[in-house]
Amino acid sequence: MSALFEVRNLRKSFGGLVVTNDVSLAMAPGDRVALIGPNGAGKTTFVNLVAGNLRPDSGHVFLGGEDVTRLKAAKRVRRGLIRSFQVTRLFQDMTPEEHVALAILQRERQAGKMFGHYSGKPEVMDEVRKILDRLGLIELSHLKVREIAYGQQRLLEIALAMALRPRMLLLDEPAAGVPQSETTRIEQALNSLPPDLAVLMIDHDMDLVFRFARRVVVLAAGTVIFDGSPKDVTQDQRVREAYLGNYANAGSTA
Amino acid sequence: MTVASTDHSSAANLSIARRLADGGLIGALAIVVIGAIGYYLFPNNLALLTRMTAIALLVLSLDLVTGYCGVATLGHAALFGAGAYGAGIAAAHFGISEPLTMTLVGALTGSAAGLVSGVVILRAHGLAQLVLSIAVIHLFHEAANKASAWTGGSDGLSGIMPEAVFGLFEFDLWGQTAYIYGLVLLTVVFVALRILVRSPFGMLARGVREDRIRITAMGASVNSVLLRMYVISGAVAGIGGALSAISTQVVGLDSLSFTLSAEALVMLVLGGTGSLYGAMIGTMVFMWFEDTLSAINPFHWLTIIGALLVAVVLFAPKGLYGSTAGFVSRLRRGRG
Amino acid sequence: MQTVFSIAVDALAYGMVLFVISIGLSVTMGLMRVVNLAHGAFAMIGGYLASYAARDLGLGYAAGILVAVVGTVIIAIPIERLLYRRLYGATELTQVLMTIGITFCVIGITNFIFGPTLKTIPLPPALQGSVDLGFRSIAAHRLFAIVCGLIVAAALWFLIERTAFGIRLRAAVDNAAMAAALGVRTEIVYAVSFAVAIGLAALGGVLGAELLPVEPYYALRYMVTFLVVVSVGGAGSIPGALLACLLLGAIDTTGRYLAPEYGEFFFYLAVIVIVTLFPRGLLGRSK
Amino acid sequence: MKRLIMTAFAVAILSSAAYADTIKIGVIGPFSGPFALQGKNFKAGIDAWLAVNGNEIGGNDIQIVYRDVPQADPAQSKSLAQELIVREGVQYLAGFYFTPDAMAATPLLQQGNVPMVVMNAATSSIVTASPYVVRTSFTMWQNTTPIAKVAKDQGVTKVITLVSDYGPGIDAENAFKAAFEKEGGQVVEAIRMPLSTNDFAPLMQRVKDSGAEALFSFLPSGPPTLAFVKAYNDNGLKAAGIKFFATGDLTPESDLPALGDAALGLTTTYHYAVSHDSPENKAFVAAAQKAIGNPAELTFPAVGAYDGMYVISRMIEATGGKKDAKKAIEAVKGLAWTSPRGPVAIDPESRHITQNVYLREVAKDESGKYINKEIQTFEKQGDPGLAFVKK
């Protein structure tokens, strides 16, 4: 059986600097994978390559058996490969309700309609309310994004991803910039994601990673140096060295 | 901070009346009322008012791409001029002089010009985009100058004799027909645009202006949104051009000029980008100013227009409408 | 072959005049990030001052250049303090609106003071007449403009890349907050750069006056040309501007020689192609 | 019903204008913008006429209403003309620097019962657009045709033409070609230059390469003429003996101080030179220079405006101050008088001005001022261009 999502020998370099070096990874429906690594390991570049915001120098990305390497970002989204952003990318002058409605309409290929208003579509409004409610944003649905707190903006990022009904979800540091006290909400949201969805989450917060992921992939200097269960990761020699800044030595002996 | 969240359920179930109002009924009413006031206040100056209406259509069309989608252009008159020449050539060379048909032809040629300039201008962003738009308008201008057999070249295209509207209302010296025809066009276009900017597509366009990457991450193609908007914008500008051709019965190269493009941009920013009201208010204020000042002292009005622009940037940076609306909503919030 | 040489000479001469006039705008647009549509207005003020000094006061060409540069900078300083300061970091549309407004005012006032007729800046005898190059002749003042252009290019490059001021300027451009934290007084750096840009505009206005005569509408007439040159070169890049001027000069001159009636088409089609291929300009700084 | 109301409306306006003691004349021209100098000359010519003749004609006060169209903009011109007729109630429309602006207003004349006196716009076809148009300026054909004869008389057989690529330029090219070929000469090359051209060096090189013995040129008066004349000198064409022929548009008096010695010896044909030697012109120049303020700014549109005012005054006299466009036009058909430019007449057929065209040479007068010195006169020139107007 072929994987839902697979990356084969992905490579990308900027100038002489190799940021993604021969990375391969496969995921099945329902997988919860965390991608971790020290600063500058190339995690965000990897997400950008997978999502189609960057073009790889070589290698392939497959989704549901289809090679999507040549497809533009928007087309990958329409096939169910959805991403969130490390720094929220939201429309400052629109409300959460509008955000989610737009995502739903886009998913249903109705966003090109040049008349009517989403509030006139009960099925859209129901879903909008359901999603906002689930994430505790319903109280804020008519405020402009610039008026709501950052933690709530992060939740809205997740809401948008959910509204797009992903098959494969890339979460780029979903809790970045949010105070510890508020991460609970975000974690709840992550736990309530549909079970058959494959999720690849990037994060620094090890507590969150260990609670969420059933598999951990460690990236260092653009290379996968570990792929296994959360309990093994802290024991791994190379991972320790990577985080302790000794990777160069370890690499030469390996 | 969270005052407005109390009535979300009622707001979500917008009543039909409210939706109609949001759909532009108030705006349409305002156009009709202001139009009627203009008619009775300046019954002998309808030609200027008609011209204002035609230019308002151009500025509205510019607002669609600049205000709603964030495209920087100094070449938007290409769309207006294409509409004007389209309608004019249809009348002068092909005998299509029924005003509604001429308007339709203008809208079509305007859209075609929108498609062409969109394809070129959307290849870059920011400053490079401005320069592309300048190149486009100069190419259009030069092309019309060269094709003088069709366009009359620099002498202008004359011989446009529009028939009476519905065979009843003649376009004459006093310009009532032209004015009312223009006002009806403006109202119809306004309502249509009001529906458009509130539609899912309108939301998508605003999204493109604010964050292209997010729009892509929602699965929409930025360029396709922009190009479609450009075509619509072309139709609106083309209707404006056709109105100009019908009401003045002549089309000149100035309708495809950099100057007109720049003036339209100035009017839009003056009124406030990203709002249909801003576009219309900017047009009205600028043209009224220009007309009054140049009648009082044709020799030095440019200085005063310049000073006005500087004053707007300093004291009303979001444009006249944008800044007033912002002020009013701050006042309200202060009380609430 | 002779034709090719001939076109090359004209292209070089025209390109260098364009360079001298436009380079100040490249500084404001690339380094200060202000789309200064009033650039031509300052060049024109320079031209008027030089004409007044050299012709009406009879001070001579060199003194005329000096008066133009110093005088225009003095006129520009209050404008920078009152108006331009608010444009740093503003949106392009705001900058366009404000600087067009300033241009309109300058045109109106100039028209009022000096009247609508052309003003000339009398050339010294050494720059009048033409120089024989063997296969053709070229105007002496054009050779002078070429030399001045090269000197300006070299001096600017040195100022920006090799001096302490240049380092501060680049730091202030790349990250104003960080530069300020490091003790760079960004306000002063900006004011000085603005003065340099205006001085260059005035210099260009004087040197280019034989080609682009001084009259009130100068400020609007050549606005687009300056803007195009700078963006094709890449705002803020001195070598880029030089390359763009030579390239556009060559395209324009060749077009004018071979098919003058389609000159405009060639020029703007070339601009579209270049800008599409190099959205940041030929040698633009990346943001 | 609507027609009826509108007719009543119209009658009300027309009659109120007809019995007023003040007769309004609407003047449309470029009073601001790059062509403001030409508008200023319109105003100077009109003011000069009023200063000399008083602003009362046949017991009626004259009031001039100016409207500004900075650049060729027919839509604006038309709406201003409409406003002048309907709101201001003007009895006469005058001015019009650009052809499209004049063309745009012609459809209003019949319905508005208003004659139009074109004081500058120089395309032949304007007078054919409406029977209510009279022109007191010139046409490109009129001023260009004689220079072809001059060229031939000087023994030139091969000419290259360089004209600005727009209506008047193309008119000039066609006129020169027609006239020169009729004289047995040959136009070896015809170059059209974009209006925005500011570097003429490559074109001058091309003139040299063409093997022509002379060049004929038309550019609208303005900044490029300076660069053009300088390029002619700087690129060694003058030294190489290639003759320079043009219409007077290249050497208007207002540009001569700027052109300086570079222009000395240039030969042009034109209908008017400020230096024209006649008592009528002396009186005109004195009044017009006073009106314009700076004497150096006085140039050709002023005389078109001055004569236009004369024509209008005769129309007012003929109609007794009443609004009657047909009668007014009939009254001036065939009208002949001595203008500051010399003897002129309104051709009864075309309603265009028949006048002398002069060959002039740029020279210095006794006081060291640059002038267009008249050296040859082509008498009673009509407009040859009318034959080529598409019916």
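Which chain is which? They are A, B, C and D, in the order written, and residues in each are numbered from 1.
Note that a contact is a pair of C-beta atoms (placed from the backbone, for glycine too) under 8 Å apart; a residue touches a chain by one contact, two chains touch by 3 or more.
Quick caveat: nothing in here was measured; it's all calculated off a predicted structure.
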{"item": "Middle chain, criterion being Cα centroid separation", "value": "B"}
{"item": "From chain C, the most remote chain by mean C-alpha position", "value": "A"}
{"item": "Centroid distance [mean C-alpha coordinates] between chain D and chain B, Å", "value": "36"}
{"item": "Chain centre separation (chain B, chain C; CA means) in Å", "value": "34"}
{"item": "Chain centre separation (chain A, chain B; CA means) in Å", "value": "41"}
{"item": "Whole-Å gap separating chain A and chain C, where each centre is the average of the chain's CA atoms", "value": "48"}
{"item": "Sequence positions of chain B contacting 2 or more other chains", "value": "142, 300-302"}
{"item": "Shared interface positions of chain D, touching two or more other chains", "value": "32-33, 36, 40, 165, 194"}
{"item": "Residues of chain C whose C-beta touches two or more other chains", "value": "111, 261, 264"}
{"item": "In contact (per the touch rule at the top): chain pairs", "value": "A-B, B-C, B-D, C-D"}
{"item": "Of all residues in chain C, those that touch chain D in their complex", "value": "3, 6-7, 10, 13-14, 17, 111, 115-120, 122, 129-130, 136-139, 142, 210-213, 215-218, 220-222, 252-254, 256-257, 260-261, 263-264"}
{"item": "Touching residues (chain side chain B, partner chain D) in the complex", "value": "42, 44-48, 50-51, 54, 142, 145, 148, 152-156, 158, 168-169, 172-176, 244, 247-255, 259, 294-295, 298-302"}
{"item": "Partner chain B, residues of chain A touching it in the complex", "value": "51, 53, 72-75, 77-78, 82-83, 85, 89-94, 97-98, 101-103, 105-107, 110-120, 125, 129, 138-143, 147, 160, 164"}
{"item": "Chain A partner contacts - residues on chain B that touch it in the complex", "value": "1-2, 4-5, 8, 11-14, 19, 22, 195-196, 198-204, 206-207, 210-211, 213-214, 216-222, 228, 232"}
{"item": "Residues of chain B defined as touching chain C within the complex", "value": "66, 72, 74, 120, 123-128, 130-132, 134-136, 138-139, 142, 146, 258, 262, 265-266, 269-270, 273, 300-310, 312-314, 317"}
